[in-house]
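What follows is a pair of complexes built around subunit A, which joins subunit B in one and subunit C in the other.
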Partner chain A sequence: MSDIFDIYLLEGVLNGLLLGGLLALLSLGLNLVFGVIDVVWICYAELIMCGMYAVYYLHVQYHWPLLLAMLAAIGVVAVLGWLLHQLVIRPVLHAEPINQLLVTGGVLFFLQAAATLAFGIEFKNLGVTLPSVRLGEMSFSAARLVAFGAALGGVIALYLFLTRTYLGTAIRAISQDRSIMPLMGVDPARIFAITSALGGALAGLAACLLVLQYDIHPAIGLSFGPITFLICVLGGLGNMLGGFIAAFIFAQFIAVGGFFFAVEWGYVIAFIFFIAVMFWRPRGILGK
Partner chain B sequence: MNYPLHLAILVLLWGYIYTSWSLMGRLGLVSFGHGAFMGIGAYTVVMLWNHFGLTPWIGALAAFAFTAVVALIIGYPCFRFRIVGHYFALVTLALSEVVRLIIVAARDYTGGSLGATPNGALVEGTRASLGALQFADKEVWLAIMAAFWAGGLWVWRRVDRSMARLALQAISEEEEAAASIGIHVTRAKLRITLISALMTCAGGILYAQYQLYVNPDAVSGIAISLQMVFGVIAGGMFVMLGPTVGAAFTLLLAEGLRLAFGNRYPALDTTIYGVMLVLFIIYMPKGILGAALELWRRRSVLTT
Partner chain C sequence: MLRVAELSAGYGGFQALFDATLEVNAGEAVAVIGPNGAGKTTLLRAISKLIEPSRGTLTFAGQSLASLPAHAVVARGIAHVPENRRLFPRLTAEENLRMGAYTSRGAYTERLAQVYALFPRLKERRDQPAGTLSGGEQQMCAIARALMSGPKLLLLDEPSAGLAPVVVQSIFELVRRICAEGYTVLIVEQNIRQVLKVVNRAYLLDTGRIVRSGSAAELMAAPEIQKAYLGL
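== the complex of A and B ==
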């Protein structure tokens, strides 16, 4: 009896690890944008939703090959990220921080409603199912394995970009001191625009992986938006390593909590854990 | 179904709830978690009534007690450890999600995402049951909502005229400085949080008893919490009737577009609303009423 119990628990833990990879990828773009521009995109999950629809329509309606559709979707969301910055964030860049938070909340309403208007409220499914992988008596979804791999790849690529390229160095410099860098010949407006596009592209990448596992509908952003913010805050807003660690902690709570109780209870425990940690370290586990 | 009456009731109800939220919001405590208090109010009353037959009057007391405890558990550490701005918004966001998820997870009792209906107390021939807080006549509800709405405005005014408001305003501008001149920051914030949370909880109870239907997404979670925040911003956060104007504006916009286009374009109203919110926050951060009053004041200065 206890043997079976253990193997399922192990399966839960390992599935949590895989979920952690996905959550880490979700938090990546949001953290990048916050770290550099100091703005929380409340509508981040809605950008991901747009990416999911882009993959769906390009692949299912227009019969593009899946990988090509995914690349195009990443491009689409990158453009959306750039537009979001130019049209919405720029005018409030020097307003009160809370207004910056709220303005992207307005975008959330807009994107969600516009998606309902354009695509309807039906659940849409890509119709691509990856097989599940068996390991001994445990089984894992291949979609999750792919997501985990892509998340790791995304993190490493972003790390190399930020540390090894001139542009990446400029982005890190801006995030450390917004007022000095213009004097050093770095144009903040340009860096912000590039960062926003990059954040959008990361949302697009997350969309490509989510679309393999979940049905698409206009309100899907609400189901993983909150958890993405909480992961970023838990890790320390703008701190990518912290976000990464926090994603795996959260995923374990959800997976193991969901193993013992229902999935929602896993989330409840994770959220309560989040609130408790905030009281202990208000700036997040790795926050400054 | 008396449609204009129904609209008036909803405007008053949401006007009341938005006013409750704005008590905190205008003093720099932007909460994304008021859905939690509304959800606690609505569900505590309905669950106690359905499962134990407890009258909503006692249910309301239980809901208030529950809300107060939750508000203190979240508020005290938040204020004690100086969790402000973004961080306060996101911690309270977590709270509203916790409440929503608990309601969904306890589906054996609450009906989960499908929602719940309070057991009907109006047997044939009766139009009202005071004990069950159920009334068939919309006029009764109009009177009740108007009373609560007026009460909400009265509280707003009391707070506005009090020393506490000055203290909180000082805190929202410069917390350290306010503390240094002897303002008890934690206590001042907790007090206004309690008032605001309890009023919102009452709003949840009224919502449940009027609609006679609750569901977790309609009374708790991120969506309803954001709806409160944006309703207030649209109307005007810093003037007494701003939240009410916001409530009227959003409802009339939705209903107006529905009348104009029928149900051909679902979500057209929220699409337009979303665009308007973004424009408001960028170009008119004082909201509709705030901007209108300013314009009027400027004109009257010019003419005199």
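== the complex of A and C ==
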């Protein structure tokens, strides 16, 4: 009896690990943009929603091969991120933070409403069902395994880009001292635009992974937007390593809490933990 | 090499520099000296276009800098070591140097070797976050970062500021070596006694106006400088 108990607990922990990878990827783009540009994209999850629709339409309606549709969707959301910066963020770049929050909040509702108009409120799905993978007594969703692998790949690729290339180094540098970047021969406006496209591309990658597991509807952003935002805050907003750690902590609360009680209780415990951490470290685990 | 003619600049409604005219020739080391708030930093910021001059002309190597945005000035051959060093504190020393070479990546490896030859200490500290370096090391790193762009003209803003007296000596020694290597240098300093030992010529800036110019020896001997700034 106790053997079975342990193996299901292990399954819970491992599922938490898989979920953590996905949550880490979700937090990555938001943290990158905030860390560099100092603006919170409240509408981040709605960009992901657009990416999910892009995959759906290209694959299901236009019969593109799934991988190609996903690559295109990443490109589409990267362009959306770039447009968001050029059209909405740039004019308020030096405005009060509350104004910046409000404009991206406006974009959230705009995208939701636009998606409702354009795509309707019906739930859509790819109709792709990945099998579950059995490992001894335990079973894992293949979609989650794929998501975990892709998320880890995305994190590593981003890390290498930020540490090994001139552009990546400039992206890290600009978050530390914006005003002297021109002395390095770097045009800050260009770095901001590139960072926004990159943040969009990461949202697009998240969309490709979520679309394998969830139905698409115009309000889907609301079901993982808040949790993404909380993970970023928990890790220290703008701190990518913090977000990464926080994602795995959060996922363990959800998965293991869900194992001992019900799945909903997992979320309750995770949010109580979040609130407690906010009392203890208001700027997040690795916040400064 | 650099000609500044009747340059005025300021911040918003506040004018900090009035009709400054000066010249730096190739191979020269020139200082702009003066008290705190004289407009020295404003002058350098206007030359590298971090602020847009309100009046006057800037000519470098025969070409006007008027229409250039700040980030295009480096590629023309002007590197600016800003006031307070302004390293990227959480990048390593070597990553700071990489940023300095942003516009001239092809020459990175070669220049890195040159810069490490000039500052062996930086090579020891290459993987350390710049924010954890000592004040003197940070100044070396800031100068090295500027040299990484392979400049024709090096602008130095108060390299001795905020450093311990012993370190100040070694920084001026470094500046002397950089001048000896053939770099053209325009340096602004409050530490008049020290800087005049290093440069060929100097201008005295006071409340935004250039009030005197001459060879280093002339300025050192000038009665108003001896009285007001050297306390003799």
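Annotations for the structure displayed:
Criterion: the second predicted complex is superposed on the first by the 288 of 288 C-alpha atoms of A that agree within 3 Å, B and C clash if a C-alpha of one lies under 4 Å from a C-alpha of the other, contacts with A are read in each partner's own complex, and residues count from 1 in each chain.
In this section, a residue touches a chain if its C-beta (ideal position, glycine included) is under 8 Å from a C-beta of that chain, and two chains touch if they have at least 3 such contacts.
Nothing here was measured: the structure is a model prediction, and the numbers come from that model.
Under the clash rule set out above, the superposition-derived model of subunit A with subunit B and subunit C shows the two partners fitting side by side.
Between the C-alpha centres of subunit B and subunit C, as seen from that of subunit A in the superposed arrangement, lies an angle of 100 degrees, given as a multiple of 10.
Looking at the shared chain after the overlay, A:A147 reaches neither subunit B nor subunit C. By the touch criterion defined above, A:M181 reaches subunit C but does not reach subunit B.
In the superposition on chain A, contact of A:I275 is made with subunit B only, not with subunit C. Of the two partner chains placed by the overlay, neither subunit B nor subunit C lies in contact with A:M240. Contacts of A:L28 after superposition: neither subunit B nor subunit C is touched. Judged by the touch definition given at the top, the superposed model places A:T169 against subunit C, while subunit B stays out of reach. Look at A:I216: by the touch rule set out above, it reaches neither subunit B nor subunit C. Within the superposed three-chain arrangement, the count of touched residues of subunit A is higher for B, of the candidates subunit B and subunit C. Of the two partner chains, neither subunit B nor subunit C is touched by A:I254. After overlaying the two complexes on the shared chain, residue contacts for A:A201 are found with neither subunit B nor subunit C.
After superposing the two complexes on chain A, the shortest C-alpha to C-alpha distance between subunit B and subunit C comes to 22 Å.
On the side of subunit A, the complex with subunit B involves touching residues 40, 88, 91-92, 95, 97-99, 101-103, 105-114, 116-117, 121, 218, 222, 225-226, 229-230, 233, 237, 261-262, 264-265, 267-268, 271-272, 274-275, 278-279, 282-283.
Subunit A meets subunit C in the complex at residues 166, 169-170, 172-173, 176-177, 179-188.
Only residues 48-50, 69-75, 79-80, 82, 86, 88-91, 95, 98-103, 105, 145-146, 149 of subunit C touch subunit A when the two sit together in their complex. Every residue of subunit B that touches subunit A in the complex is listed here, in rising order: 28, 30, 74, 77-78, 81-83, 85-87, 89-91, 93-95, 97-98, 101-102, 104-105, 221-223, 226, 229-230, 233, 265-271, 273-278, 280-283, 285.
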